[in-house]
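The structure appears below as structure tokens.
Every chain is named by a letter (A, B and C) in the order it is written, and numbering of its residues begins at 1.
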Amino acid sequence: MSKTIPGNFFEDYHVGQRMIHATPRTVTVGDRTIYGALYPNRFALQSSDEFARACGLPASPLDNLAAFHVVFGKTVPDISLNAVANLGYGEGRLLTPVYPGDTLTAASEVIGLKQNSSGKTGVVWVRTTGENQRGETVIEYCRWVMVRKRDAGAPAPESVVPELAEAVDASELAIPEGLDFSRYDETLSGSPHFWDDYLPGEKIDHVDGCKLEDAEHMMATRLWQNTARVHFDPAARDGAPRLIYGGHIISMARALSFNGLGNAQLISGINGGAHVAPCVAGDTVYAWSEVLDKSETAVPSVGALRLRLVAVKNTPAGDMILRGEDGKYSPGVVLDFDYWALMPRR
Amino acid sequence: MSKTIPGNFFEDYHVGQRMIHATPRTVTVGDRTIYGALYPNRFALQSSDEFARACGLPASPLDNLAAFHVVFGKTVPDISLNAVANLGYGEGRLLTPVYPGDTLTAASEVIGLKQNSSGKTGVVWVRTTGENQRGETVIEYCRWVMVRKRDAGAPAPESVVPELAEAVDASELAIPEGLDFSRYDETLSGSPHFWDDYLPGEKIDHVDGCKLEDAEHMMATRLWQNTARVHFDPAARDGAPRLIYGGHIISMARALSFNGLGNAQLISGINGGAHVAPCVAGDTVYAWSEVLDKSETAVPSVGALRLRLVAVKNTPAGDMILRGEDGKYSPGVVLDFDYWALMPRR
Amino acid sequence: MSKTIPGNFFEDYHVGQRMIHATPRTVTVGDRTIYGALYPNRFALQSSDEFARACGLPASPLDNLAAFHVVFGKTVPDISLNAVANLGYGEGRLLTPVYPGDTLTAASEVIGLKQNSSGKTGVVWVRTTGENQRGETVIEYCRWVMVRKRDAGAPAPESVVPELAEAVDASELAIPEGLDFSRYDETLSGSPHFWDDYLPGEKIDHVDGCKLEDAEHMMATRLWQNTARVHFDPAARDGAPRLIYGGHIISMARALSFNGLGNAQLISGINGGAHVAPCVAGDTVYAWSEVLDKSETAVPSVGALRLRLVAVKNTPAGDMILRGEDGKYSPGVVLDFDYWALMPRR
């Protein structure tokens, strides 16, 4: 019997199946540092313990996306080792901040299955949760991936396509315990623009760009213990350049978005996300955002802004057109990420 | 109104203007680790808590240049986002060691302005201070940069050119509280050469060299939250290779200088610094030093050595000639950095 | 007198010579993080404080190979700065786990000398020990290197060739105090295969591969304060690509071996090791293992597995043939590493 990890194929899943994923991981201040070395992160809450304490938190939390990546990485051996494509995310909520010293574990439940007409692949929907060492859920999200069948002749399962919310309802966003922006220091945060200043429909070109390097995306992807071969081994891509983990692009774009959204301190919800096109080393990533919605929260000093974060490659954001008249994504778009951010209100 | 950070142009400054810079930053043991991964640092005081305690400090401090970079990085959005060139440094003093857990903030005051004859740019002099969470100044230094005007037609300000000391007087160097080299272990430090063994005029070829990589200088520059586009985005350089942050070269040269100056444990003063020529990935950096001066300090076991640290690229240090007969820097010189180091005395 | 470090030449050594190596180093959680960014490490004991505590340890220890590299790096200025080749390792034992906050120092004793027939080089055998700040030995191992003579005319020393054990006897392996796998969680560890499931002669193709990058191997090598010029300066290789530190390959192969040996949580002994061929950036490393032996230990829940870890480059492991009929290593083999791992027993 082979002792290597084969990963699951489409016919290995059934709706209701629960998986506890391997490799618990203690995050540390080292993770905060290396995250800041890999992405041009300047959100003050993730940079300064003092700033975080002035906002009512016990210390500077790990970047929400770092927490997402740690949890996501654990799911790869069970969910996407034999995946053809990562199709989307939804119903994501960041529930409890992660602090250095916390140990994260992850589990998933299969919530949907649908074989493709080719008979060679199928779509698997999972709901994944990440917990800390106290059993508190730190993140939950849905993901759907196209997974190969081991045997094309295996019978198709009954199709179950879950109905996912188009977006997390603002009333369901979790505000970290103690978070209070009423003494918010906008000089130290680096941006004078508060929640009140953003209006749905507004677009922001984040101006800055960053060329991607193999050493960097591989370091990031290993840090999250994501083992998909296409990120490391050219042979897994028939010699083509290594594919960059999509989460690397999300983190890069989110960090670039500081320039224009400097007070969007925390990600609270992940409404959707699509990796529209792949990136490889040598590509340069730019980003722009569109304000989709805004909402008050249960905490008077904290507002929620729903944002579409778009990453484009190799030419600056320019006209910020997401899709052409044919409904297809504009050339150069690599990421379409829809999330809720928490910002200070005046 | 655009929400991105435009940076200041020459006509936005006035003498006496004070700026508190954004993004306070808590430094951690992670910063110490990654600094040691990026630069071949072997100074024992920055490597070992035990060695530092034997020298009277509470723990191993963050490398002085790392503290400098953290503070410098914060000034970029306000001082040098629209800079043409970083012209020089002076009157720098490292006043209080920085330890893991400290949170640094930075502020600057404009101390000089002089429009260039072209009318398109001007020189801005600032004095920058970095503070820790207790309000102690950890570093202060002057810097002058050439900054673009937004509008070439804007009137020139009255010229104010500050008189900066040619060097920090040795009597003004701050010796970290408790520092005592009287039980110094030269076996563990890796060098038998004490302050007493160095004489003004002496030159040292540090022998070792290191080829520069894009992934490394970008990681360093992001770590310091330095956002200048030329370091990350080829489009900001019309497609030319990304420019390496000058501070990356200072840190690389300083680390290489261990080989010959292994007991120059701390930087206490920055007398001057010029980035003579740019570096890009693929360049190999070598370094040599010249002893410029030496002085006792208030602590009998601690001597101060004034050093010129010269980085050259792509050919080993060789004859260690700083300038040709025409007074111009020799080919290959990329950095001329004048500083005070603290060393053990016999 | 030159103040740079000349390193020792063959005639500088004598049997019985003891050297305390420079640059004590405090390891931190930052080291754990960066180790995980550089190598695709998924062994749960090195990833999670909670998992480590469930196995009877006070916290997640630093990866055994990271401890090895820290100690090894310290020996380079004294042992191998003028080395032609690193010939082998043996009699290695990992005696005490290293935890964040520990400070490591290293010392070596010359245990053998033999001049080569050319008269230009000789082989030096050393036994190296690494200690923590409490004076506990954390690692000991022998290494032999071919070192240049300064003066080919210098007389040859009396040949002393130490007799090294072919392998560490299983009874001499140190089991970390408190280690107990009786409540081992194989779901969290990511592998259902226990010590009982492996049989001598069994070979395992670890499937995964990773392409090597200059930025990564230099970061690793600097992290271990290994100063050998060939890793950083192309001029030290007459312009050829920088040579990758052999330890980088050991760590990469060991991390890749998770896929098939996911419960081989700790390295306890190093029986031998040969860097069969060099690697440079651009090479892709794959790994396979062969079970050489197995033994019970003094702790009923802990078994010892003797493994040969083989790294190959640029083509997947394939047929896992170590040597051809001529007794020579098969093409592509770059590392032959023989070690004892500690695993849970049923």
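Worth a mention:
To be clear about the criterion, a residue touches a chain if its C-beta (ideal position, glycine included) is under 8 Å from a C-beta of that chain, and two chains touch if they have at least 3 such contacts.
Predicted, not measured: the structure shown is a model, and the values here were computed from it.
Residue numbering at the subunit A/subunit C interface overlaps only partly, since under half of the positions present are found in both copies. Superposing the C-alpha atoms of subunit A onto subunit B requires a rotation of 120 degrees, rounded to the nearest 5. Subunit A and subunit C have Cα centroids lying 36 Å from one another.
Those residues of subunit A in touch with two or more other chains are numbered 28-31, 33-34, 213-216. Within the complex formed with subunit C, the subunit B residues making contact are 28-34, 36-42, 44, 47-51, 60, 187-191, 193, 197, 204-211, 213-216, 259-262, 284, 316.
Put simply, subunit A touches subunit C in their complex at residues 2-5, 20, 22-26, 28-31, 33-34, 77, 100-101, 103, 105, 133, 213-216, 218-220, 222-223, 225, 227, 229, 232-236, 242.
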